[in-house]
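Below are two complexes that have chain A in common, paired first with chain B and then with chain C.
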Partner chain A sequence: MMKIVVMLKAVPDTETRFQIREDEKDVVYDDSIEWIPSPYDEYALEAAIQTKEKLGGTVTLLTLGKGVESQVIRKALAMGADDAVLVNNEDLANSDPLGIAKVLAKELEALQPDLVFAGRLATDTADSFVGPAVGELLNMPVVAEISGLEAEEGKIIVTRDATARKEKFEITLPAIVTTDKGLNEPRYPKLPDIMKAKRKKVDEKDGSGYLEFAGTANRKVTQIKVEFPPAKKGGVIFTGDLDEAVEKLVDALHNKEKVI
Partner chain B sequence: MKVAVFLESYNGKTVKAGLEAAAAAKAMGGDEYIAIVLGRDLDATIADAGKIGFSKVYKAEIDPYNPSVFAKAIASVEADYYVLPGTVWGREIGPRLAVKFDAAYAGDITKVVDGKTFVRSIHGNKILSTIQVDAPKVVVTVRPGVFDTPEFGEGSAEVNDISVEASEVDQKAKLTEVLAASTDKIELTEADIIVSGGRGVGGPENFKLIEELADVLGAAVGASRAVVDAGWRPHSEQVGQTGKFVSPKLYIAVGISGAIQHLAGMSTSDIIVAINKDEEAPIFKVADYGIVADLFKAVPKLIEKIKEVKSQ
Partner chain C sequence: MLSVKIERDVVGKYPSYLNDESGLVSGNADKIFFPENENDVKDIMKKAQNGKIPVTISGGGTGISGGRVPLNGWILATDAMTKLDIGNMEWTDPEFNETFQISLIEFNNEAILLAPVAMRLKSIQNFARENGWFYPPDPTERSAFIGGNVSTNASGARSFKYGSTKKWVVGLRAVLPDGSSVSLCRWEYRDKLPEQFFQNTDVTITKDGRKFIIHKLGKEIVLPFPTYELPNVTKNVAGLVWTDDSEPLDIFIGSNGIFGAVTAVALKLIRPPQNILSILIFCKNNIQALEVIKLAQNQRRTQNFPIPMSVEYLDDRAVEIMHGKDHTIPNAKAAIILEQDLTDDLLDNGIEFWVNSLDKLGIESSSVAQTHKEIEHHKFLRHLIPETINLIVRKNGQPKLGTDYSVPDQYFPELLELAKTKGDEFESQRSDQSRLGYAIWAHAGDSHLHLNFLPATLEEVKRAKQMMVEIMSYVVSVGGSIAAEHGLGKKKFNGKPAIVFQYGEKGLQEIRNLKQKVDPTLLLNRGNIIGV
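Let's look at the complex of A and B:
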């Protein structure tokens, strides 16, 4: 029986066209934004469910949220998680990466999991921080960015892509892994499961006791400005005679841009 | 301010992203720069450290790689800033260092404004974020492919040994096997040129054409997610929001529509070329050069022309 925890973050849909706030210190998060599970966290959740299906046990979701997570958590419960812990506190959720990792680590400590899955990065803030940081905080082994997993009682074997090679690790549990694309195909929840998910337990807490501990008011990292990447100047698009187009393109790449 | 750089070494060579991290670190305005070199077969990287201007190298033979033990070794060297390449190893070690020192963490930076101010991309590269760090110790990882590698000179560095011991917990994650990719293959995140194919290529067998174009250019092969999900190419080749972030000097997109999640992974490339039969394809909006044509006609001609130019 495995106690499995998935760290799940809600992020804006990857199609979102952002607007920049007037003070330029952040993007606008308003009602127009659709919140989804961070795509890598879906691989984490699918891996957790498959591990449970193979070895038995429970899958608990752990989210530090800012009040927009309820749909995302319901979807994850419908996919097959058993229950959820939601620390719902906007200030806390907006802490710097180390603050967030400290809160998640505290909650994990209380849950006493055998195996923890996180995404390799949250697609909004893209820190790639939480998994390994929580491992260091809890003195647990962590292997990041896995795209292969075999789970047995008490042990997992994982593979991951590193620069021009694959690395294979054997890990004795309890442990944390972060998940990459290629690990699995996340399932879609079925209608009866969506209904069932409504009755699953979400343990919601306000987390205000953590504010000082997470250093929320004394940030070590502060975002001071956001902007759009510089727009590309209009490109040169050839639509006419193909031989001429190819000739001009190769000439430009060779003589003007000097990239070939 | 003392700046330590994890000069990553693998297979007897300095990893390019490690050299780039050293270049980024130089822009942070330190008074003293030291390199940390860990693993095995370290001689070449120790020599490189001297050649690119480090006066001191701290080294430890640690084999096999272990994230926690590497983090301990780096933490045993006293510094104010720790700068690592944003490779898998760097991304795995950096957060551990930040926890050890209760440090500020600046992950995957793309620009150094000054020693306290960095730029990074968020929201799938759709937004540039400028961050400021405020802590006695700072850990930075540097996005590969963005900074130029430093000049090599004649210098040599003083070498110091460091030692670490693996704890019982460290032994619980063991690197048991490394499966090498074929050696003639160029790694996407290290490549100067990438040729990527999309669904327009039509099937796995047609990727021969993409490979051939990549070959004449000495380029790596990439792919869109549609192609990876269809099983035509391995996911290690996927470029985009849920694939690799790449920033080569030249990116050629063939039969790729240019969905926002694909653009997220490659729009920072220096020069983007698109080949697509649909004039309206969004990829043309980010392309510096484009050809509107059937790829099966355009790519063979392109290969011939490039061969011609290369043989001159």
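Let's look at the complex of A and C:
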């Protein structure tokens, strides 16, 4: 019986067109944003559910939230997680990556998992930090960015894509792994499971006890400015009839860009 | 002198404009014009009229009934018509990196988008979404131009709840074959559209009972409604579908451009649904699928909550295509894609309704998409079906022959059965048994079925056509439509325009008479609907 935990983060839809706040310190998070499970966390969740299906056990979601997570958690429960722990505290959620890792580590300590899955990064902040940092804080082994997984009682064998090769590791549990694209195809929930998810337990807490060591007041990394990258230079359109246009294109590739 | 871009070597430089996605007929043209605005269109039409030169209007080229295929003369390609003179804002679609000049007029619960005809349906949906609005029509081919959507009265899946394009066009501007322009709107939108929308026109069109009247320079052209009986279905674009509720702008909606070229459209937008669930339902057999369809139709007929936005049927072959791309899709015998829109307060009630209903029918397997991205993935999978079929068609080197038939709801199970029987019969008679011979999908909520034959030889084309005629006779005999959404375009059967099979020779003659009153020498969009 495995006790599995998935660290799940809600992020804005990856196609969101952001506006920058007036003080330029962050983007605007308003009602127009659709919150989704961070796509890499969906691989983590799918891996957790598959492991549970194979070896038995439970899958618990662990989320540090700022009040926008309920739909995302419900969806993950509908996919097959059993219950969830939601630390709902905007100040903690806005802390720096180490502060966030500290909160999650404390909660994991209480949950006593055999195996923890997290996405290799959250698509909004893209730090790739929190998963490994939690492992460090808990003194648990970590393998990051796995694209293959075989779970057995007491150990897992994982694959990681390195440059021009694949690496395989055997890890003794308890352990933390972060998941990469290609690991699996996350399932969509079945219709009845969406209703069943409503009845699953979400242990919501305010996390105020963590503020003194992990809140924004303690953060050492603070985002001070956000700006858009310079607009890409528009492509060049070669006009004229087909022969003319092709001639101009070849000329530009050969003489100007010097690529052919 | 015309100031628009003209090209004389159409065959050499713009060969794609001689065809569309139907592969039905390949056309020919001497020149292609790329007008940028209505005045350009007027100039071209007048010049063509003076020289008695046929003109064929081209939209996005995504049609599947040959509507834009030119039968000699000139092509009027609307590709450059991306900017409305009366538009007051520029908007760039990040998906296609195309810029449009448009207007958005917002009211409390609805908005009007003034759009140029070359704006793609997907761009309209993107624009609406970005601005907190929603354009409900959802034809599967989203790279189509809105001009083409209007000319064919395109519909697609969500018409189950929201109706076809026609219902969402509240105004349009058009140029008649003689080069005169007209601006029309639905009566109740008279005060909602800006004054400029109605300026600079040459003719007016009014309605008097079952007659439309074109007024030009004191002269009147009277267009009496055709007398044929319309099919008893929820989706029909066969010929002219004029009813007592029709307004003058409906002359140009769904008439395959035989009365004029649309140059600007005013579309109604509404607030987006708070929640949309796209539910893929995997059935053990067709009986289960038909039960789901019947239930959805009942909901609509009785106007009981919840009414889905769309109810799509996919046969095992179509499901297999999706499975090939996404292994989370099981290889089911049949599948239904049901899109359900729900307000926040009724979200759980709506879900519960479908959970209980499917449970009662013994359906266990489903896949639910809830976020925009997931719903887009479902749509992508759904669109993959015709795309994959079209690839096979290209490989086979013969046109796809697909039915576009709808029937009164109670006959849908019979139609599905007949389609399956004919498909199997067709497949069993082929020399090469390994090739896929057909696939069926249906906008089943509207009892509208696409049986797609995939012939690879001329002999097979002939056989498929014969089968289509047989199914067509059945469809007409039960009060159905032989053109539910694709339009008749240049389709012919046994050498006759397809319209004859729907409304008889008399119906054809009536439409031809109307066409001749507006376009005496039959120059505009030759071949569409009436065959000449």
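Convention: the second predicted complex is superposed on the first by the 236 of 260 C-alpha atoms of A that agree within 3 Å, B and C clash if a C-alpha of one lies under 4 Å from a C-alpha of the other, contacts with A are read in each partner's own complex, and residues count from 1 in each chain.
To be clear about the criterion, a contact is a pair of C-beta atoms (placed from the backbone, for glycine too) under 8 Å apart; a residue touches a chain by one contact, two chains touch by 3 or more.
Small disclaimer: the values here were computed from a predicted structure and weren't measured.
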Is A:P132 contacted by the first partner chain B, the second partner chain C, both or neither?
first
Per the overlay, which chain contacts more chain A residues, chain B or chain C?
B
Just chain B (first), just chain C (second), both, or neither: which does A:Q223 touch?
first
Of the partners chain B and chain C, which touch A:L242 in the superposed model: first, second, both, neither?
both
After the superposition on A, what does A:E34 contact: first (chain B), second (chain C), both or neither?
second
Touching A:K75 in the superposition: chain B (first), chain C (second), both, neither?
second
Give one of first, second, both or neither to describe whether A:T14 is in contact with chain B, with chain C, with both, or with none.
both
Could you tell me if A:D83 is touching chain B, chain C, both of them or neither one (first, second, both, neither)?
neither
Quick one: is A:I171 in contact with chain B, with chain C, with both, or with neither? Answer first, second, both or neither.
first
Quick check on my understanding: which residues of chain A belong to both its chain B contact set and its chain C contact set?
14-15, 242
For chain A, which residues count as touching chain C in their complex?
13-15, 17, 32, 34, 36, 71, 75, 78, 185-192, 194-195, 198, 234, 241-242
Hey, which residues of chain A end up touching chain B in the complex?
12, 14-16, 18, 20, 27, 39-40, 96-98, 101, 123-133, 135-137, 139-145, 147, 157, 159-172, 175, 181-182, 219-229, 232, 235-239, 242-243, 245-247, 249-250, 252-254, 257, 259-260
Residue numbers of chain C touching chain A in their complex, please.
7, 9, 12-13, 94, 97, 130, 132, 279-281, 326-328, 348, 351-352, 354-355, 358-359, 364-374
For a test of understanding, state which residues of chain B touch chain A in their complex under the given definition.
10, 15, 17, 65, 67-68, 71, 86-89, 91-96, 98-100, 102-108, 117, 120-135, 141, 169-170, 172-181, 185, 187, 189-190, 192-193, 217, 228, 234-236, 238, 241-243, 249-250, 260-261, 264, 267-268, 270-273, 279, 284-293, 297-298, 301-302, 305-306, 309-310
